[in-house]
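We call the chains A, B, C and D, going by the order they appear; numbering starts again at 1 in every chain.
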């Protein structure tokens, strides 16, 4: 038996544990996230504030920062108030509530180290609290600097996948194909693709994971688009399968792509999957319209999904 | 002799120097640290404050920062005091000790650049010291920013190992097995495992290090758990060994795992070891309970250690 | 057919989509950028301010920062003005315009957290705006810190290519050669080169991409210069081609180099291309003049392009 | 001819350009730097302040920062002085020189954003200069933050080499050996060594670069020390060479080591070289003294260089 046959016929371990999965779920969501919830008794051990802040949306990030800022000022203003309003110079509030408001803004001026100094601490206790607060402010903004840098320098998914896979004539046989493109202005080089088929083996009633042979596994760089092809020849585990057969077997094509963004020397990873109902039979991807723009070729990424049905 | 036999029979160099080790020590501690103390006459050459700050606990980090802040302020307050309290505007202290306290807080306001300015330097010398102090403050908080970013962006161990290894029937032979799981919400891809057996060769009375063949050395991604298996066939250096034999030979299975956290494009390394007494014979890992939660499979990491004894 | 023949004869996929390209364009510009414009209906999804700030010139960066600073101060000064000038202490402006100017500088003092405090906010509303402004200032300067660090730590192109490639006698045959050198004081190690020939196949009238065999694909380190050679033997797709033939076929040699800057453990990528008219026939690169400077060999990078014509 | 013979007999390209080098120079200095000076007409294009600041000593770094701080304050104080001392509140200097000193410290308070505010700007021009200065201060300290983080997070050489190489009996033949150790508390894993011999070929009078076969090229981790051995058998280019022969041929063993610091997921590169006169014949490295310290093996790195002469 040739090496190739061995590879495609042998099941591979994917870290999905045992394999009699519930039907009709996806392993990979369209956005590439794994469809798994990990339970752990020890919730707080894995609470990871930094990574949370790295991944929330900008809107939430700003809301959290504003609420945190307000709560911190309420906290320190309360401490100052409890220590005694008489220990502050120039506190002019006409009543207790007004004085608290003034202390709230004194706290903001201390936390951000703006320190106008019109209102200023006179006693030892309030001076000590203010000393702690200004240092806390600096450390918290140091944290914020790290988080903001982390948010920006995080590798970002820049690969777009065609919405559908196609099963279409390919050379003298048929092939499973999908198309990807780089959506950023940075170049992606040394792109590699891996396709793993997950389906129910109807004989053994087990879930199997099979790597599929690809026509080309690696390209030097991805200037325009890349159509990734699995030739469905007699070595393929889906030889003579139709779209219906794949749906019946609850098939899912797991797609793993990695590439190097050479501007930042950063390896980026991207994943998606195609289920049987996301396939189109006897269709071919239309060429991405290219026009000559001066000396520059132009590609229209909006046409990535366009296919044309074939006789 | 086949390549496989050659690999498992030949000792490998592990950088442990000569090999007649004291008995009953571990090479690797359970947490993966190497059980070695490196002496060096030149202690200070390797004192590495940055790496120390990166690795101490948050509690210690905060204590060190607070003590450092206090000492810095005591130092600068002393300089101001020696330069002369008459060079400060609005210093209202009734006695020398009170004045020193005021200078201490003036120093804190300068170091953090909050600079209320109620108390302010008037003379050249104290203004110069304050200029140095505020710049020192900025540089120190710049350092703190770097350290905080380093603490957060440091790759963290996210792999949990089963407490015990098992020696159990595997296909038609037996196997040495252990189980690992990813405890974070980020995905680990391209995980690779390496197992090296360290034991006393009873014939030569030497410590040997032998790499063990694994059923699967690399998995594409580790969605749930991964059971790593060394098949104990006739090519295995521990063919027909029992748990007692392994304890007698002072065997230690050194485990090296590496994987890529694809959210951060970061390779993470993890290590542990199993000594003979941490093995269970004729046991099998229980499947991690999985329930369907909507469309999402659920895994309970608390069950990673659970085994069931076999006939 | 040997593996070598197969490699050079088979077309490779380069991610350039279909292959009937317009003539007389370059794929790669001399600076290594890809000669492609990517259109996308969803412009704003790919607007990437961080990466823009990372790549603009220092001059533009400073101009953008100054304009942003001015606009931010105009914005906050307007808010303060609308809230009411009576809520500020020590505002001494003789007319409205003068007062606005004072509020503009109060804003600058707040945004940068310098906070002299001669002018200070008295009411709740203006104090609140100032509290927001000072926090905004800190976050924006946190962003600036990240951008500045990103600008500096970005891997930079340090490889210079000879302006021309040469086709010259090489051992008993001829070769396509070009020369590269490291222009920085940091060492480049484990340098690898890849050359892909893109040309029109006159029989099929299609654009083909063919990898070329290199005499040496990888060098341990690039101390002086490296002359990269493709031997034009009978396995080469350009066997017996002249410079004119290459121009007629619209040939372009795509050059991809990667190396490790070992000071920063950073992989750097570099690209360029040579079109037919950038080749010189029967020329040889002159040795880079080297003199002994004390115990140090000296290389003159200005001579990288110098060739001497051969009989 | 076997692959092995081919590898060791064929010269390799090292990027050293042509090979008739001056005698008695080293390619690699003991600290691993390459003994080359690169001349370039365009000096300023390669002036790289960031990398300069990353690599100067701490002492120089602090001196440069202090001088830069003083010059910046002199510059801004001069601007303020030229704009007119009457535009500052509370300027109490008795003469012009005293007033300039006060402006110097006002500048320091502005640059560091401490902003006491006792002295404060009143006019539009001086307020504008102060607004520019405080923003400049923030950006410069943002730069400093990046540089400080860069200095600390830079991969550092942690491999120490034995001062001498030895040529000594090894199994039934002889071997060229040297010893390395990890001097840090972090573990180095997946260490790889490469040895390239550079010497004069007495027949052709050319400088040749030959890779040497190693007993072990890669070790899983370097807990204690690693003795790297090139067996001098009949395939070795220095078969039957004595120390005198190597000195006569101006031989230099170029050593390249790379390893992964797994705490920081950082690949570290290290280099050194041994010239003929740095070899000892018929010597053997003494075992590094190891004592049992509780359960921990102890290694004494000071003994890395110790050899014992052999019969």
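General remarks:
What we mean here is this: a contact is a pair of C-beta atoms (placed from the backbone, for glycine too) under 8 Å apart; a residue touches a chain by one contact, two chains touch by 3 or more.
Just so it is clear, the model here is predicted, and its values are computed rather than measured.
Interface chain A/chain B: under half of the residue numbers present appear on both copies, so the contact uses mostly different residues.
Look at the CA centroids: the one farthest from the centroid of chain D belongs to A.
C-beta contact counts were set side by side for A-D and B-D; B-D has more.
Residue-numbered contact pairs of A-C overlap by over half with those of C-D, the repeat interface among C-D, B-C or A-D. Distance from the chain A centre to the chain D centre is 36 Å, each centre being the mean of its Cα atoms. The centroid of the Cα atoms in chain B and the matching centroid in chain D are 26 Å apart. In chain D, the positions touching at least two other chains are 109, 113-117, 145, 149. Against chain A, in their complex, chain B makes its touches with residues 65, 69, 73, 92, 101-102, 105, 108-109, 112-118, 141, 144-145, 148-149, 152-153, 181-187, 189, 191, 216, 219-226, 260, 262-265, 287-288, 290, 292-293, 295-302. For chain B in complex with chain C, the residues that touch the partner chain are 113, 115-117, 145. Touching chain B in their complex are the following residues of chain A: 12-18, 21-22, 25-27, 33-41, 45-46, 48, 50-51, 55, 89, 109-110, 113-117, 120-122, 124, 127-128, 130-131, 134-135, 137-139, 142-143, 145-147, 149-150, 154-155, 194, 196, 256, 266-269.
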